[in-house]
Every structure is written in C-alpha cells, then in structure tokens.
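You will see two complexes here that share chain A, one where it goes with chain B and one where it goes with chain C.
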Partner chain A sequence: MELKLPLSLSKGTIRSLYKAGISIGFALLLTSILFLLTGANPFLAFYYIFAGAFGNISLAAETLVRTTPILLVSLGLAISFRCKVWNIGAEGQLYMGAMLGTITAVALGNTPLTLIISLFVSIVGGLLWASVPAFMRARLGINEVITTFLMNYVSIYLIQWLLAFPFRSPDTLFPESAQIPSSAVLPVLVPYTRLHLGVVIALFVALPLVHFLMMRTTFGYKLKAVGENPEAAKYGGINVGRTMLLALIISGALAGLAGFVEVSGIQFRMRPSLSPGYGYTGIVVALLGQNNPLGVALASIFLAAIFNGSTTMSRALNQPQGVVDFIQGVLVIFVLASEYILRYLEKKGVVKI
Partner chain B sequence: MIEWALIIGFIAAGIRTSAPLMLASLGETIVERGGILNLGIEGAMLIGAFTGFMGAFLTGNLWIGLLMAILGGILTVLVFGILVVRINLDQVVSGLAINLLAAGLCLYFFRLAFSQGAFPYLSELIGPYPIPLLSQIPVIGDVLFNQTIFVYVGIIAVPITYYLIFKTSYGLKLRSVGEDPLVAAYLGIDVSRIRYTALILEGILVGMAGGLLCLSMFNVFDTRIVAARGFVAVSIVILGRWNPVGALAGSLLFGFTEALSLWIGTFLIGPASASISQLLSLLPYLVTLIALLIGGRRVRGPAALGSPFSKE
Partner chain C sequence: MQNPLFFLKRSVEGKATTIQADQHPSSEYALYVKGINKTYPNGIVANRDVSVSVMWGEVHAILGENGAGKTTLVKIISGCLKPDSGEIYIDGKKVDIDSPLKAVSLGIGMVHQHFTLIPSFTVAENIALSLPLKGRLSLDHVKEKIKSVSEVLNLKIDPDARIEQLPVGLRQRVEILRLLCQDVKILILDEPTSVLTPIEVEDLFRMIRELKSKGKSIIIITHKVREALAISDRVTIMRGGRVVKTLMTKDSNESELASLVVEGFCPSLKIEHVGRGDPILLVKDLKVKGDRGEIAVKGISLVLHSGEILGMAGVAGNGQKELVEAITGLRRAESGTILIKNCDLTNNPPKSIIRNGVAYIPEDRMRRGVILTMSVSENLVLKNFEDPPYSKGMIMDKGAIERSASELITRFGIKASDPWITVNSLSGGNIQKLVVARELSNGASILIAEQPTAGLDVKASEGVHQKMMELKSKGVGILLVSADLDEIVRLSDRILVIFEGRIVGEFTRDNCDIQKIARLMLGAPV
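== the complex of A and B ==
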C-alpha cells in the first residue's frame, strides 16, 4: 500500500520532511531511554512536556513568547547558513542589540517614537556587531566560526561591565539597566498573559520578509548558489564575498532585534541573564528547519515548547533541569546524520521518495 | 617599584595559564595537518573537564580524574571522527554539533548528579611538581621547573609533535592526506586510519587540556568553564602556521594575556579598580581577535583542510 499525501509536495520538500522526522524521532527515542534510565516514565514525561507547553491558554501564550526570540534569531541564521556562512555569534549580536536598544530607550524617555527608534537601533547594533566578523571573512578570509564565537565573549563581558558600572540602574541592587520607559514597551496582545506584539513582528513581519528574500529575490538565489558551490557562483558572476558579508550582517541584524524585543516585551530592563542561550538554540533550529523559513518557524515552536514544557515536566517528575539542553544536543547530531540515515533507509527500500 | 618576586610569580602564572592552550593547540595542529578542522575541540575540552571532575570527585583520586578526562576527550573526538571520517559530513557543522551536544550532555548530567543548590568541589588540586635540582636554579627554576605536570607535558609535547609531523613516516602520510587525500589514497595510504590516529592523539591532548581546568586550575565544574579556550586554540593553530613551535608561541602569548588581565586587576587601587578589572576579562578574547586580524589574513593551511573526502 502506498501512502498518498493530500498535498502535492516537491521531492525536495518530502526529503526535508523525512529528515526532520528522522532527527526528531531519534532525538526523542534517545531522550526516552534517558528518562527510563533515570526512573521516569517516558510517556508521562512527554505528556508533561506537551501539557506544560500547550496545556491552557496562558501556557500556550508562554510558548509563543519563548518562540519569538528563537524565531527571530533562527530566521537570520537560516539566511547565513544558506550560503554556508556559519554565524555562531548570534548570542553576542542579540546582547549587543538589546543593550544598544535599551540605552536608546532609556535615553529618549517617553516619546511617541521611542519604541520604533529603539527597535531600529537594536537592529543596527546586531548588524554592526556582526559586520566585524563579516568583514574579516569576506575581505580577509578569516574563518567566521572562530571570530563570531570569540565576539560572543567580548560582548558578554562588555555588557556585564556596562551594566555593572556606566549603565547600572539607580533604583535596584543588581547589575542591570534602568527600566525602559512605558512608551518603549511592546503592548500585550492577550490580556492576563505576557504574549506581546513581538510575536507578530516575528511571525507576521520577519518570517514573510525572510521567506520573500530567500525564495523570491536574486539575493536569495545568490545565497543558494554561493552555499552550494562558491567557485561556480564566482564564475557565474556572483560577488561571493559581498553575498557572504550581507548574509552575516542580516543575521546579526535579526539577532539584535530579537534582543531588544525580549527586553521590550518581557524583561523591561537589560540584564546580563537576558538570554538563556537563544543564540545557540537558533543554530539547532536553523539546522532542523533546514534553512527553510517555514521549516524554521515550525522548528522554533517545537523547541520553544520543549523549553517551556520540560520545566513543567522536571517539576512534576522530579527530574533535573536541562532536559532541553540534552534534547538540543542530540537533536543537532541527528539532524546532521539524517541525510545519511535517509539514504540508508532508501537503499534498504524502507522509504520510497 | 614592583618586586622581583612578583614578576617571577607573574611569568610562572603566565606559563601555567598557557598549559591548556598548549595541549589543545598541539592536538589541533596534528589533526589539521591531516586535513581535519575540528571545531568540536571546545566540546571535547568540556567533556574532558566534566569526566575529569566526576572521576576525581567520585573516587577522591585526582589521577583517576585525569584518566577519565583523557578518556572523555578521546571519546568525544571519536564521535566527531565518525561524523567526518566515516560518514563524510561537513566538518564545520559537525564541530558545532559536537559543541552543542557536549554542552547539553554536561549540563544535564551535572544536574542529574548533584541536586539543585549543591556546590560540589574538589578538596585538592593537582599542584606544582618541583623537579629536583632544576627547580633550585634561581628565577628559571621557579618559572619553568616548579610547574604542574600539565606544563611539562605541554612543553615536552612540542618537540615530540614536531618530530611526529615532520620526521616520521606517519607524519609524511598525515601531511599528504592533509594536502590531497585522493592522491594519498591512490598511493595506498589508508586515509581513514591516518585520520583516526590523529584524532585519537588530539583526544588525549584535548582531554587533558579540559581535565586540567577542573583538576589543576579551578576545583569546581561549570558548563562555562572552557570559556572559548578551544576556539582560542584553533586560532593559535592558524597564527602558528600549523607548526608545533608556532603553537607553543601562540599559547604563551594568550596564556600571558589571560594572566596579565588577572594580574593587573590585583594591583589596581582606587574607586575605578573594580570597574577596570572587570572590563579586563574580555582582554584575552579581544587580543585573539586582533591577532587573527593581523596574522590570520589569507593564510594557506593544509590544502584539503575542512573538505570532506570519500573514495567514490
């Protein structure tokens, strides 16, 4: 018997879906084994994760709140990874965007334009921070993986210092910024939840824009050409260095935006603990979503759900915190191996595409 | 005036903080000579630190900890090896995946082993081992011969690695695999075997580098303990032009920068001292970036570095 999908999908899409399914399947299988070894019932554990992520309106809203920064970061990374520029500095770019956005918002005070200007500054902040490794990669041929990662440390130490001294809030005891003015706050969408306008920016502005950019423009085509074969792209008349440079700074811009959206929608102050590693989660999400904006959106929701749900699960089943990190870690390995596994399954005749 | 003893103390500290970088960058030099770019070194160091800490904590024996660190390092690097040698995946992405996997595993298992709020620490560290007689020499004795075994191993590993890469038949094969694996394979060299051997050697060195962080520098484990030292080591390999002597020089440069950023902090007085010494924490990373900017432009490494290889 052959299964017929109701939609007509291209072979490439079907392969991507299979690969995502294989990755998630294997990762969850390994996580189940882990649960068994630590004395938890895997079915119950996954039930609690699901219930903790979507159990009621306010939990589902929290999952969307968590999705917002992850989606913004990973959309940018999808652009950069599409042309095989491995930006692993999104964490630092997010922090720089958040810091500059916060400084701007606090400095401007309550004006009708505070929010817009601060959001804009955060984009520029992430962009500028990413432009250093972008320049080093495109013009000097210095491996961006090393430079973007090292810059994470520079930015985080710099921000810890900025928050401990020059921009320390006058009204609290912690190293954090002053509170942003009320006009810089993203409004809440659903009463009695923290679901703020940021989710609209991520899902209904950034996602379609990135989709358009990647699928419908010459720049999107160039990204793909450079990613698949930079030599051929060069012969085809594409400026490889410029494409890489742009890809990296656009991903930095989106990470920077994610940072200030988090301040403006959730924290209201810049803190050294702003991000629990969204910059790294974004890498897993972009890879799992196979650099396709829609895939990335689904993967963002998936990881956000595990992020939130595993907290509930840990409490209910007395499991240690950090299951999400475990899942993230094994997920990325299986995303990598999924192409190999899929080819093996095809050879054995288990899967036909 | 600053006293001599302080300066000698500073130089000794600089060499001490160089040790993990020496070990890691020598290991990375070996595999990169064979055409493999292992960015998973950060994760391998983290696993080494974790298994080293757990081994020492659970048995109460630091040397068993060291052994576990080495095993952890080898195991992590071999997982990376399976991804890039066995199934020919992209080396950069595989390295990133190893780092994320290592971070996830260490965070989870550390929390599994110790309840929230527990603060496990090692009651002793692997301290300096003064070499008899040599450590009695004024100045040099204190700087060079009153160090931990990790410094000795790191320094001795430089000529050994050099000899291995440039003077042995294995080294010749390794370099030819790194330049052109296809030609090497035609000449009858077992590319996979050469690369796995290189990876195991790296695993030993990197496992030690990670382990020493817990066993000899800090007596606690934290998932942030490696703090980009793996990536600094990869930068050192580039700056040292894939040569063990260059790796030693680079490691000393960054070890001294790290020591300097801590050392200056202890001398500052006045209201701004806390502020400045906190800002100095970013110095080692900034120096690495600037060094790459100056010395890392369009350098030519082994020709096949980073490209997947399959015989088909």
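== the complex of A and C ==
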C-alpha cells in the first residue's frame, strides 16, 4: 500500500501535513478507545463534537470566538518555538496582559482611546511578564522552561489577590474586577452572536503579520538560524541571546493581547477564571501547526472546535467534558512522536515523499 | 581497457592465481559486489553499476573525488543504505545486508568518518555496548576479550581509559578494536586519515598492515592518491558514481592515479610570492581561556600583512582553535589586543568583526559552518543576509538570494540539484565547498582558514588553493591554520609554529626546514 498526496507542494510542507495527519489520527483513535471504555459510541461522539462546533451559524461563530485567544497565543508561541525557546508561560502572560489591560480600561473610563490604549497596555503587560525569564535566559543562561512555567503561578495567584482586594468590584460578591467601560468593549460584528472584532484582529491582523515576520524578514531568518544551530548563527554574526530574548517577549506580548481581547470581547470583567488553559492549549496548537503560522491557524480552529463541540457531546451522550484535556494531552504526545512514526512509515514504504 | 591484472587474485602470501572474468564469484573473494545501483531520493545518482571484489588479506583502496560515490558504496556494503539493485557476495555466498547489525554478523564492519563512541565512557564500556550480552554485564570479561584481541594484533590500549581523554588516533584504534571484538573480518575505513596527524597516520598504516597479515580484508576509502599508493594492494578508482578502473597498486604511480581520479587532471597551481603589503591584523600578547577554563593561548603576538599567507603549523589542541575564536569574536580574550586594520576590535561581537572584513572558514563545518536543516541559499547568505541586495531594511529578497546562490553553486561546483534544498542532503565535500564559497566570495580583506581543504578531493583542494592565491594577489591577508604540513609549506609566505599556546618558531620561505618545523610542532628540542 502506498499513500500519496495529490497536491504539488514542497517536500517540507508535505511532511508537515503528514505529521499533523498522523498526530490527529492517532489522537482520535485513542480518544475513540476512551469513548468505548466509557460506553459511548465513538462515531456518535465525534459527530456531536463536530455538530456542536459547526452545526449552525451561531455555533460556528462561537467556534471562531473560541479560536481567537488560542490563535493569538499560539502565533506567539510559534515564534518562540521556531527559535527553540520553550515558552511554557503563555498562561501567566495572558493573565498579566488581561489584568493590566482591564485596570487601564477601568481607570481611563469612557474615552475614544480607551480600547486602543488598553490593548496596547495588555501587549506591554504580557511582554514585561515574559521579559523576566527572557533576561534570565539571555543573560544568565537559566532554562526558560522552568522559569516561564513557574511564573504562571506567580501571575495567576498575584492576580487572584489583586481581584480579591485592591481591584475588587464594589458591586459584586465575587472576586472580580469592575466592568470595563463600554468604549473598551470590542464591537460585535454579527448581530445575535458573540463574534467580536477580536476575531478580525487575530485572523486578519496578527496572522498575516506573524506570517510575514517569520517568512520574509531578517528576524524570521535569525529565529530559524538560532533555533536550528545556535553555534553557526553566532558564527554568522547573529546575536543569539538577543534573538532568543526577542522571541520570548514577542510571544509574551501576543499572549497578553489574547488576555485582554478575551476580557473586552467576551467577559467584560477580569476574572480569576478568565482562561480555561489557553496558554497551554497554545503549546499544543503551535506544536501541531509545526510553528507555521498557517498551520497554527488551522490547528487553532481544530482545537477550538473540540473545545466547543465537546460541550454539546457531553450533554448529548452524558460523557465527561474532560475529553478536551485528554485529546490535548494525546495530541502533544503524538505530535512529538509524529516525526518518528513518519520515518518508520517511510522505511516500511507505506508513505513515499 | 581493463587492466589485465584485474583478474588476478593475490593470496596472503602474495602468490597470484588467475580467475576467469565471468566465473561465478568463488569463495576466494572475501567480498564481491556486483552491479550496485543507487539513486538518492533527491535524484542524485550515487552509484551506477558498481562492481568491486576484495580478497582475503588484501588492503583495497577505493579512490575518488568527493561525490564519486565511495561513501555510498561502503554504506551499502555495511548495511547503512539499501541499494536500488545489485548483489553482494561474501565468501561466495549471496547475502542480503539490510542493517549494520546484519553486516557485523556477516563479518563486515565500518569505521565511520565521524566516530560513534560515547566520550564519557571507558574503552571497555564502549566496546561492551556493541557486544551481544546476555543478562549481567561483566566488564572483566570484556576487558579480557579486548586484551586478547589487542595482543594478537599488537595494538596497545588501556581498556579503562575514558574516550574523552584519548587523542583522535587512539579513538580510531578503539573503533577498530570494537569491530575486531565483534569478529569482523572485512573492515571498512571511511577516510581514516582525515582526522589524524602525520605521525598518527603512520601508526594507522602499521596497524592496517598488521591486520592484513592476520588475514583480514581492509577496504580503505580515500581521496588522497598518495595514501592509496602507500597502503593498498589494489586500488579501485571511482568517478561520477562509476568504477573507472581497478589496478594493482604496485604497477601504478601517482600521476596515473591522479589522472584517473580526475579526468585529464594535471596540477596547474602557480604559487607566486609577491611582496607583502601593510600589516592588517595585529595580535598582541593575547591570552585566551580554553573550554575547561585553562589558559589555552598564553600570550601570542603575531602580524599578518596584506597580500601574505601566514601559515600556522601545529598539532590540533595547542591553542589554534582558541586563538582563531578570539580573533573572530567567538571567544573572549582574557588580555591582549587584536587590531584589525588599525581598529582595536578586541572582544567585539562576531558581527562587527565580519563587517570589518574578516572571513573565516571554520574547521568544524557541520557544527559551525552551516545550518544543516536550512537551504543552500539561506546558508550562502548566513554572513550577509542583512545587507543589500539580500534584504532591504528588515525585508528579505528571496529572488536576490536565489540568484546569488545559483551563481555561487555554478562558480564553486557545488553539487546541489536546487538552491533551496536543505544542506543535509549534500555530501560532506559539497558542504565544505559551500562554506568556502561563502567565505571566499564576500569581499573580505582578511581570511582565516582552518584546515580549508580537509576532506576535499584533489580538484576541489586545487580550486581552494587557486582561489586563495587569487585573493592574496588582490591584497587579502590569509591566516592558514592547518595540521597538513605539506599544505602549509606549499602555500605560506611565512610559517609560525604553535605549541602549547605559544609561538615556538617562525620561518620564512627561504629558511623553511620541514624537519625542524615537525620537531617544533611536537615540542621536541631543536
């Protein structure tokens, strides 16, 4: 048996597609087994997931709404991972951006510039939060995996305290911020849905910009060179430390933006439960999209669909919602294994590239 | 015309018996390879109908340029690659070698150009790894085996020495010993001398002769005509993936082999020694630390003039690496100054040194010289991707990069089917050509060349030397760091000898004494 793709794409692209296909295929296979074990029909379950994500216009719009923060986070992570800087701290950076953006919006009140300034502050917030591990990495050589990850807790607990005391809204019982002024709200694009301007920011501003940055600029070249061979990059005159630092803080900036877009498009308040783990989902997405912005966009939609669809599925089949985390987990494993699986298939002659 | 001696078989004692040309491969051949074809997925035809025979107790050289298909052939024989078609016979029996493990079980083993030992393990531990062990690991048993094998062959080695403490020559010996412990009878050595000093080469050749006298067959891959002449009984010349000819070594000579390796080759390099210009590189009292924090460069001062080739002779590991890295900005200088064209550039970042016109061909091309997973085009602009025409502002111009790459690929004869293929699909020699092409074409006024022709074939070496001469006549100053004394003596206007981080001798062309240089390199009293 020989599988062949009918498109005329470059070898690297074909390999990436195969790897993504292998990862998704195996992840769904394992998920099917889980469904069988819990007594559900896997075909039915996947049908409900799909229907729940794309069944009608308003569901599809909800999926795009869900895609927005995931895409913004994972585009940033793609930049950082391309340079082999493993930013695991997008969750904390997202919270920090959201918190600072909200404080700014509430403090400014209704002005024509509230939205723009708050968005800008959220970007700076994520950037600053990421710059701590970035400097530790670039100047002191401290492994960024540990520092970025641990700073998630610092960020989230700090924000819980901020919301419980200094910035607690006077008119609610819960630890949450005051509502942001109406001029800081991202306008809704399609009436009777939650499809807000943030979707446009993610898909039609951030995505093309990141694509251009990675594929066409000298910075993109440096990212790749440092990621693939830092020794040769240094020899070629590239400032390796600075490139890594920039990669990490840019990913932090995009995570911060994702945080405030979520506040001003959906929640209208800063809450300790703002993100159901978008910062970690972004890691899965960046890996699955293989750090290619277009791949990352497709993977974001895919994971957003699973997020939304599994709610419908769990109601229809009385299944736990935790399947989302399960799929994400196995996806990571199979994305990491996909290179080896693909090589094995090539060796066996099943796949020819 | 095939040499009639092709059909002769020499036994261990050197007696010759005649074998019919089309006779079924008999057990008199240790190894008989017939009609091997191999095309790589990228379309490069590496082997075309290759047939080679090797006898017991024979040293068989496979001689050819880079990209002639030598390494592909032996990778097929040792099970690392699958041929598209062809047959392999061992002792007259047809075999199917589908993995390196199978090859070893059939008695074929290969020492790769890049060693495969674990540096932090001892000799015995490394060898134990490759032996079939059931249940408990008994290192004493392994040590005994090493001792018995090494005594028979008169190869001295300490089984408890850690690999990282051994010089390259001894590491290679461990690789060979490991194969012998696995009862390998046909040994393949891929470019074994490329990493060795002249003295270590002598040691290796002595070892090869010893192995031969014990009835082992040795296949040695080389691109150096002199080496093939010095060690082999027969030599097979390959060119463009085909076998050109197989000859009895003793009936051939250097110029015949050279002209077979490169069709119609005759060395044409004109070495001119013109007057030198002003000093362009001045190093003063430079002290540099090595990787383990030791002082590796202990106060070196030197002057390089424009239009001059300054040779630096020395055994690897005497501070050359650290000196070069300090000059190119890759390593911090502890003290001292480096003046480039009268600018103090001590401890400046690599970028500023490159901008000031210093080109550098590094010794470790795979790790430092190229980014294997990026394309040929991208690698060719590694040092000037931020300059026009390759980019304007921050935006890169793919078209300009591709045009320049295509031009360099043609000019330097890099075998790449497409400027956008990744470098890891090129052969080692072609990767070196790529580095040389990049460094020699960027209009530098100082060139630092570390082993610029190591691993290059005759024609390509000649090309690099030619290019260096051209640059020199244009006023470029070249610091040539090489362990190849022949190369240094041939090209240099002045020679410095480095030993243990100090310059221990200086020679000009007129007072150059090779014997004396060789002794100084080893720190022996003159």
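Some observations on this one:
By our rule, the second predicted complex is superposed on the first by the 346 of 353 C-alpha atoms of A that agree within 3 Å, B and C clash if a C-alpha of one lies under 4 Å from a C-alpha of the other, contacts with A are read in each partner's own complex, and residues count from 1 in each chain.
We take it that a residue touches a chain if its C-beta (ideal position, glycine included) is under 8 Å from a C-beta of that chain, and two chains touch if they have at least 3 such contacts.
This one's a predicted model, so the numbers in the text were calculated from it and none came from an experiment.
Once the complexes are laid over each other on chain A, chain B and chain C cannot both fit and instead clash.
Judged by the touch definition given at the top, the superposed model places A:Ile201 against neither chain B nor chain C. When the two complexes are overlaid on their common chain A, residue A:Leu336 makes contact with chain B while staying clear of chain C. Look at A:Asn239: by the touch rule set out above, it reaches chain C but stays clear of chain B.
Within the superposed three-chain model, A:Ala40 lies out of touch with both chain B and chain C [touch as defined at top]. Residue contacts after overlaying the shared chain place A:Ile250 against neither chain B nor chain C.
Which of chain B and chain C touches more residues of chain A: that partner is B. Across the two superposed structures, the residue set of chain A contacted by chain B and also by chain C is empty.
For chain A in complex with chain B, the touching residues are 34, 38, 86, 88, 132, 136, 140-143, 145-147, 149-154, 157-158, 160-161, 164-165, 280, 283-284, 287, 320-323, 325-330, 332-333, 335-337, 340.
Here chain A touches chain C in the complex through residues 216-221, 224-225, 228-229, 231-239, 353, going by the rule given at the top.
Against chain A, the residues of chain C that register as touching in their complex are 41, 328, 330, 349-351, 353-355, 360, 362, 367-374, 378, 382-383, 385-386, 391, 394-396.
Remark: chain B residues 39, 42, 83, 87, 89-90, 92-98, 100-105, 107-108, 111-112, 116, 227-228, 231-232, 234-235, 238, 275, 278-279, 281-282, 285-286, 288-289, 292-293, 296-298 touch chain A in the complex.
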